[in-house]
Amino acid sequence: MRREVPLILTAIVGITMIIAHFIPPLNILKNLFEDWFFIIAAFAIYLGILNLILVNGDKIYKKQKGWLFGAVVILGFLVITIIGIFFSGGKSFQDPGTPFYYIYMNLYYPLSATMFALLAFFVASASYRAFRARNVEATMLLLAAFILMLGRVPIGEWISAWLPEGYRLGDAADWIMDFPMTAGQKAIMIGIALGVVSSALRVILGLERAYSAGE
Amino acid sequence: MGKTKMVRQSHHHVGKLENSFFISFVLVSLLLSLCLFALRSTLAEEVPTAQGETAIQKDSVPPVPPTNVTAKDIPNDKGGAITVSWERSADDGGGAKNVTGYEILRSTKRDGGYEHIGNSPPGATSFSDNATKDKVLYFYKIRALSSTGTSESEPSAPAFSKRQWFNFSRLSLFILSLIIGSAIFYFIEKAKSGKGVFIRKIAGLEAVDDAVGRATEMGRKIIFIPGIMDMDSMQTIAGVTILGRVAKLVAEYEAKLEVPVCRSLVMVTCREVVKEAYLNAGRPDAYNDDMVYYLTDDQFAYAAALDGLFLRDRPAAVFLQGQFYAESLILAETANSVGAIQIAGTAMPTQLPFFVAACDYTLIGEELFAASAYLSKDPKLLGSLKGQDVGKFIFLLAIFIGAILLTLNSVLGLNLPDLRELFKGI
Amino acid sequence: MSSEVIGIWIGAILTLGIFSFLYKDNPFYKFSEALFVGISAGYWFVVTFWQYFVPKFWDNLSLAYSELLTKGRVDYHWIYLVGGFFGVLMLLRLVPKIGWLSRWSLAFIVGTTAGLQFTRYLESNGILQVKGTIMPLDLTYPKPFIAHTGFIITDILGTIWCNLLNILYTYSHWVLVVGTFCGLIYFFFSKEHKGVFGGAARVGVWFLMITFGALFGYTVMSRMSLLIGRMDYLFGIWLGLY
Amino acid sequence: MNETTNQEKKTFWEKLLSIDRRIIFLFIAVAISVPLFFKTSLDMPVSPVVQEVYNAIEKLEAGSKVLVSFDYDPGSMPELQPMAESFFRHCFRNNLKVIIMGLWPQGPLQANIALDQVFKDEDIKAKNLQYGIDYVNLGFTAGNEVVIDRMGHDFRESYPADSRGTPLSEIPLMRGVRNYDNIDLILNLSAGYPGTMEWVQYAVDVFHVKLAAGNTAVQAPSMYPYIQTGQLAGVLGGMKGGAEYEIALKRPAKAVSYMFSQAIAHGVICLFIIIGNIAFFSLRKKKTS
């Protein structure tokens, strides 16, 4: 039971999904299974949350280093959850004017956007370190990045304004995007398609089953 | 990037048989494709059309009625729907009798009993009726509306909807799935019989041993991040299977592993996988659930927490294997700044450049999906990689022959077949 | 102070908290990080509750239940109970003895994902991209170019640059087809990369490198925009300096 | 990654190569912030992929229906919000009917913020646009690509009512709209998943509807293959795409003014790359000699 049922279930469900793509009357199963997935995920989130609270609660209880921050995690979680579930008008909890929306706009959003904005700095430091003409491959990486970086902003236009139209940095950047970049990306995408097909089959055939074996 | 140095993964060299298998596959695929191509035209449905008579133009108030009303079953669906199309009224688009919309009328008899089943805006020329009973003949009329009056078109020829048991527009996809699927299956089966498979060296995966070894020596942690998406992504599944292989190594080396995740389902799965790996390595007692823990579902909060973790715990090795978005570089740069060995892998083309720039090793696209097979050294799994190559070969051949045929057409003015037609319905 | 002003101040302080990480790890960052983790975990919990649990599970079942009560018939909405069943199996992990039942749910999820993505990727990432690569290898001949700018250096540089681009423009279609072809060869696992095959794989690697460089360069813009947005918030909205 | 691990005194070039990354951070912060204080407008040419998006809207006859899907959250506001405003300006200026929806929970809110901005324009204010007749906001529905797929059969399968709870049958604009057959163009503003790729795979590939998109600069390149195959009409990539669109529309706004900061920052990064390479080669020369 423990070992066989999961394997058989994976195989049946997987094959059904593949076949459903070709048999129109089975299409309805696709939607249904996806809905079930969302339901399972909605149940599973309790496990994650419980884990988060236990880990941080343990920190507080044992007065470990940084236990105060553990308290901040739990407090932040409880406040927004209670407000979101009980005090923000049910399903329209995200509408402007609700307390949930206020927390979202003034706490969640600035934190999220700033974390995202850190990338501007990391892009600079990574490109400084990585873009050195060590060999042919690295030089190609460097040149393509350089042309794109300049070609996408007005600086590129200024420094190549003396060239005829169609030959400026922006045009070179467009050409790189349209041809060699598209080619490389197609190769990656086609490879991925086959990789997915193959790993999906391995999963369905039960060859890759670490997630469901054991005991 | 992978150096093209080769390793022999097994003793047997698979020879001519394989090549002939390759060729026969290709031939069969071409043959099947041609058959399907020939078949397609005969399978195409007869479209019943009704030549509506052009309405007599009168100077009276109502607008000119729409013409050429046709109805046909929507092909390749589960039935229960018919598309109606028509040519616009001459008064659609301006004038005193400007059409303000159309009403779609339906009946099971040509001469009467028409019911109003829906509306279309001015300018529209089609409507899908999604509420038909299968195998019942329906006639349709279109009524043009305007502020000055209404006028009806001639009825359409009858049409009926039917349930299609096979979506013929996806036939070529179906055949290709079969061919690639059976190629993979064939090589897996063949590997079972003991014949080995050559797999080229993948540098990023060769480095896994070193990374784990180094972490053991330094007595520092190994952190594994299986991407930020849930279990409904194949990349997450690939990442989790790689975790299984890495965890086994970690258990054997007696190093320390930590897996912070950002989805509850992924947490559950990773726990199963790591537990199983420790069991297989003969150290079930060294496993504990706390190695895998959940942080938050949020992309950037997860990144913020991981950044803090990297700086405070200074891991010796960081694995980033799965589906990543913008946080890829935030993680890679911070881990780099604490001197961790980083082995990354993703099938997100937009994030690959950042991993290539900031990590020591990167598995590119397909290599991510090949990684667990490669690390397992299990001949069956390696066989599936060989099967993938058959798929690649078919695609390469299609590109090569297709491009040559089209080039000959354009240079010499020939009329050779266009291979793209094979994939027309897709 | 209005709640709006307080909100802006909170937002600005947290923004600075995250930025402080760039200098080094510090309590200010740790606080912002902890708050972020807590709030976001709660945020997604609430979103999951209202946008997945309630509409997909609760609403469907209450519909089924009311149908049963009012019309006395069992309608198809009961089928969502199966999803709930798998969900409950998941929660059984909390009971160590029967925790293994959660693997049934995992098996269901993994099977669905594998099956759905099999056809999806083969179609959109595989066949359609191959189809898009099949094209006539036409050549386009732009006019040869000689620069006249009045300076010798720019004349020479301009002539070289433009004619170089001309060559590339001429072979655009070749670049696309050959690039895809060689890039794909790089991904072959079961054949040694040596000889002609190895050469093609090498060319494939060049194309991959150009792709990565181009994608990187292209992305820089997006990352800078995000920082511009944040700086605009700090200087424009919070401090009102311009 | 450390270039210099030896304990000897580092030369100037060596120091430069292993420069503390915080110095680079400082330069970037300055390069971004300072230009913000000088409100400068730059002119730039409109690239073909942007022009195609413009043409796709321009070609539509007055009264055509445009479905705009807002698939992003405030995280991508700096890039996508200017595009959203430009799309609305263009549609309303050409008397097109706009149907708004979102696959991301916060998407439809972003649409409201953009509408507020656009309605401040004199020419659009003068049109006296009415909710339910000229535009409608269907709101968010969970389900990602499944929503797109279901809308292909009937919008009502995914959206029984609009964001205000009015049933679609009671909204004049929605009366003639059953599925994509009744939509002349889909515009998609996307910052990731679900987004343009899903619209291509589930709407364009299956239901053959016309699609144009505005993407974050990161995403935009992965759309080029789809443009090349004709699955996608065109794409606005990031702030630059937004700025070019504003220029095509002859209505420069936010994106154009941010481009100055953008340009300076790019220049700084390029300078750093050049300096890094000079240092790298001078060191290598010294080592070989």
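Just so it is clear, A, B, C and D label the chains in written order, and each chain counts residues from 1 on its own.
As a working rule, contacts are C-beta pairs under 8 Å (C-beta built on N, C-alpha and C of every residue); 3 or more make two chains touch, one makes a residue touch a chain.
Just so you know, these numbers come straight off a predicted model, no measurement behind them.
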Would you kindly say which chain has the C-alpha centre located farthest from the C-alpha centre of chain B?
D
Which chain has its C-alpha centre closest to the mean of all protein C-alpha atoms shown?
C
Roughly how many whole angstrom separate the Cα centroids of chain A and chain B?
16
Between chain B and chain D, what is the gap in Å from one C-alpha centre to the other?
24
Expected list for chain A, residues touching two or more other chains, is 18, 21, 34-35, 37-38, 40-41, 44-49, 52, 105, 109, 111-113, 115-116, 118-123, 125, 127, 129, 131, 137, 141-142, 145-146, 149, 152-153, 177-178, 181-182, 185-186, 188-192, 194, 196-197, 199-201, 203, 211-212, 214
Listing for chain B: what residues touch at least two other chains?
1, 170, 173, 177, 180, 232, 234, 237, 265, 268-269, 272, 295-298, 300-301, 304, 326, 349-350, 352, 354, 356-357, 364-367, 370, 385, 388, 391-392, 395, 426
On chain D, where are the residues touching two or more other chains?
1, 21, 25, 28-29, 32, 75, 77, 105, 142, 205, 217-218, 221-222, 225, 228, 240, 262, 265-266, 269
Could you please specify the touching residues of chain B with respect to chain A in the complex?
1, 76-79, 163-167, 170, 173-174, 177, 180-181, 184-185, 188, 230, 232, 234, 237-238, 240-241, 244, 263-265, 267-269, 272-273, 275-277, 279, 290, 293-301, 303-304, 326, 329-330, 332-334, 347, 349, 352, 354, 356-358, 364-370, 372-373, 378, 380-381, 384-385, 387-388, 391-392, 395
Which of the residues in chain C come into contact with chain B in the complex?
18, 21, 24-25, 29-30, 32-33, 36-37, 39-41, 43-45, 48, 90, 93, 102-103, 106, 109-110, 112-114, 116-119, 121-123, 126-128, 130-131, 133-138, 177, 180-181, 184-185, 187-194, 198, 201-202, 205, 208-209, 211-213, 215-216, 219
In the complex, go through chain D and note every residue touching chain B.
1-2, 21, 61, 63-65, 75, 153-154, 175-179, 181-182, 192-193, 205, 218-219, 221-222
Give every residue of chain D touching chain C within the complex, in rising order.
22, 25, 28-29, 32-33, 36-37, 39, 75-79, 105, 140, 142, 197, 200-201, 205, 216-218, 220-221, 225, 228-229, 231, 237-240, 258, 261-262, 265-266, 269
Chain C partner, complex, touching residues on chain B are 1, 4, 6, 170, 172-173, 176-177, 180, 197-200, 231-234, 237, 265, 268-269, 272, 295-298, 300-301, 304-305, 307-308, 311-312, 349-350, 352-354, 356-357, 364-367, 370, 385-386, 388-389, 391-392, 395-396, 398-400, 402-403, 406-407, 409-411, 418-420, 423, 426
